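Chain lettering (A, B, C, D, E and F) follows the sequence in which the chains are written, and residue indices restart at 1 in each chain.
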Amino acid sequence: MTEYNFETEGVKKTITYLNRKAPYGTIYALEVLESVLISAAFEQHANIVFVDDGVFQIKKDQDTADLDMKCFLPTYGIIEMEKEDADEDEDMDMNWRIIVEKESMEARGLTTDDFKIEVEVLSSAELADVLDTSDAVIGG
Amino acid sequence: MTEYNFETEGVKKTITYLNRKAPYGTIYALEVLESVLISAAFEQHANIVFVDDGVFQIKKDQDTADLDMKCFLPTYGIIEMEKEDADEDEDMDMNWRIIVEKESMEARGLTTDDFKIEVEVLSSAELADVLDTSDAVIGG
Amino acid sequence: MKFGILINEGPFTHQASDTAYKFVVAALEKGHEVPRVFFYYDGVYNANKLSAPQADDRNVVKRWSDLAADKGVDLVVCIAAGLRRGIVEDNLMDGFRISGLGQLTEAAIGTDRLMMFGD
Amino acid sequence: MKFGILINEGPFTHQASDTAYKFVVAALEKGHEVPRVFFYYDGVYNANKLSAPQADDRNVVKRWSDLAADKGVDLVVCIAAGLRRGIVEDNLMDGFRISGLGQLTEAAIGTDRLMMFGD
Amino acid sequence: MLHTVNKSPFERNSLESCLRLAKKGSAILLLEDGVYAAINGTSVSDKVSGATKDNSVYVLGPDMKARGLGESQLIDGIKIVDYAGFVDLAADNDGVTPWL
Amino acid sequence: MLHTVNKSPFERNSLESCLRLAKKGSAILLLEDGVYAAINGTSVSDKVSGATKDNSVYVLGPDMKARGLGESQLIDGIKIVDYAGFVDLAADNDGVTPWL
């Protein structure tokens, strides 16, 4: 067992979290959220992107009581708050974006009114630029 | 722990194995094969059906040496032999069919020449009848 | 009526085990029999007694185990699938037993309906 | 160049762990560094020391363990993902260690490329 | 025959294969991520609506609720069942084909 | 940017999403079950062939061989790489986006 020590002090990267799976059918939505939350402590730039069925993750009115499963929606609220904190704190060099792809949203009959949190809606072409300039992409 | 004992003596059913996944990307093709082989001992009727990407399971010329993975193709040969044994043995009331759906095969640019084993090619409508008259369907 | 159950995915990652559990409970409540649940593929992970979910989450492994104790459902883990994935007697939860694939064929033959849950 | 590796699926059921292993071996052969492999989601099952595949199959768990011993690759199992799935110190293969999700963020920040393998 | 579909119609081909291979008059139950096929105004709604002409289509209520989908968004002709209703469907039809 | 696709284009939407969201001029590597997208004469061949105009498309040789696919079946313009070539692609492009 070799424990590696990374030099991360002073390094600033852009990490994109690419959420493409529907919630509850699989755990990816929940576990990727856990990793987004942890990353806040590292003060990196982050794009939290919802594409394909990932857009269903932030649908309003989720109620998992009948499934005995934990509902993720409140956790997205925490992410929204982290983003607001970063936006307002001028001493913090941390830019978070919460992005929904327009094409994915529309194919699923959704509008921004259907979402629990505030999002930036980008076209495929605009999102392609965001992905292209990411340093690391973590899929869910 | 409760061990249940089924009365299976004299019961004759038709079990359909519905293979819809490509080989090697996931293990389903291999493990469903293991269950088909075991079932031969129970002398039941069986339909071994290849639909969607399942048709790739019996593609000729598979060579997994570079992946260090076990190649399934020889096992399909065993199933073909089990079927022939059942067909030839007049005392054995066991009818096995190995079926490929025509639509799935054609969409993937395949013909029966591409397959390692002899198959019956059925149209979607004909296969729908086979599924409809199965007593149990086990997917892979 | 007798239902046989086949579960092909592990706990938490896929909903399969959750849906199967809800189905079994509803079937038993209606007076049906569920003589056997067979765990195959990654489904064998449902029998891992070391699983310790967070306090506010459901305990999938314990829930199956309790069902075996309370309702006498026969929980069978496939030996071949379990060996390669490391689900063996050492870490097997109470109420589960390890056996061969023939137990799945038996369940397919000996029940009125075989229900499959997986990915 | 430094590569960080993220593996999201368990052994055998998905090819992800196989592809990742082949990638890591090829990268090391070319003189690149692979300081850390992080096991997340069902990827934690790659660390189950009870896994005993058939003699004619590859031993995925042992292969990772040997790579840690031979090449000093840091194999980290996510503690939260491991707890819910029952991969804990009791059944952890040699060469793996259990730690928090921050170790994944570190690998994303501290390497030149993060490679993800999964379903 | 009861056909069960647990995959999103936007992500996988399970629903499509089910519709192609389910005999006319079959029952189809949409569950887990399959419930997204039951809602109006999506890129697959027309196809699913067409299927309600030939088959009895059901959707699992608890899975809709978990995903924030309401009865008002349902395609006409699709009926909601709970787990007890799922059991009834499995019992009343003479077999079950899973499209996973 | 290197985009990796490991899913069959007949089963899932991964390739489609990759093609929609990869910037022109990107590299795309088809691996695992994704290699089925690289072959001629299928229902998706035209789409993939079109993608070779805007992007550099590669396929992982060991995964083709395992699945019984030969070089002669490849769509024009797609190049075969081995694991060492995969490493080079990851190193030579300035990032990796996985479409799993």
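Criterion: contacts are C-beta pairs under 8 Å (C-beta built on N, C-alpha and C of every residue); 3 or more make two chains touch, one makes a residue touch a chain.
The shown structure was predicted, so the numbers you read here are calculated from the model rather than taken from an experiment.
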item: Partner chains that chain C and chain E have in common; value: A, B
item: Which of A-F and A-E has more C-beta contact pairs; value: A-E
item: Copies chain D and chain C - interface residue numbers shared by over half, same or different; value: same
item: Most distant chain from chain E, judged by the mean position of its C-alpha atoms; value: D
item: Rounded Å distance between chain B and chain C, as computed from the means of their C-alpha atoms; value: 24
item: Geometric centre distance via CA averages, chain D-chain C, whole Å; value: 28
item: Chain C and chain F, separation of their C-alpha mean positions in angstrom; value: 38
item: Chain A and chain B: spacing of chain centres that average the CA atoms, whole Å; value: 42
item: Per-residue overlap in chain E, given as positions that touch at least 2 other chains; value: 6, 10-11, 13, 32-33, 62, 82, 95-96, 98, 100
item: Residues of chain B touching at least two other chains; value: 24-27, 52, 67, 69, 135-137, 139
item: Set of chain C residues in contact with two or more other chains; value: 8, 12-13, 15, 22, 41, 54, 57, 80, 113-114, 116, 118
item: Arrangement of touching chains [line / ring / star / complete / other]; value: other
item: Inter-chain touch pairs (all); value: A-C, A-D, A-E, A-F, B-C, B-D, B-E, B-F, C-D, C-E, D-F, E-F
item: Chain C to chain E touching residues, read off their complex; value: 1, 3, 8, 15-16, 19, 22-23, 25-27, 29-30, 32, 112-119
item: Parts of chain A lying in touch with chain C, wherever the complex brings them together; value: 24-27, 67-70
item: Residues on chain E engaged by chain B in the complex (per definition of touch); value: 1, 13, 17, 20-23, 26, 95-100
item: Contact set on chain D toward chain B in their complex; value: 12-15, 18, 22, 54, 56-58
item: Contact footprint of chain F on chain E as seen in their complex; value: 10-13
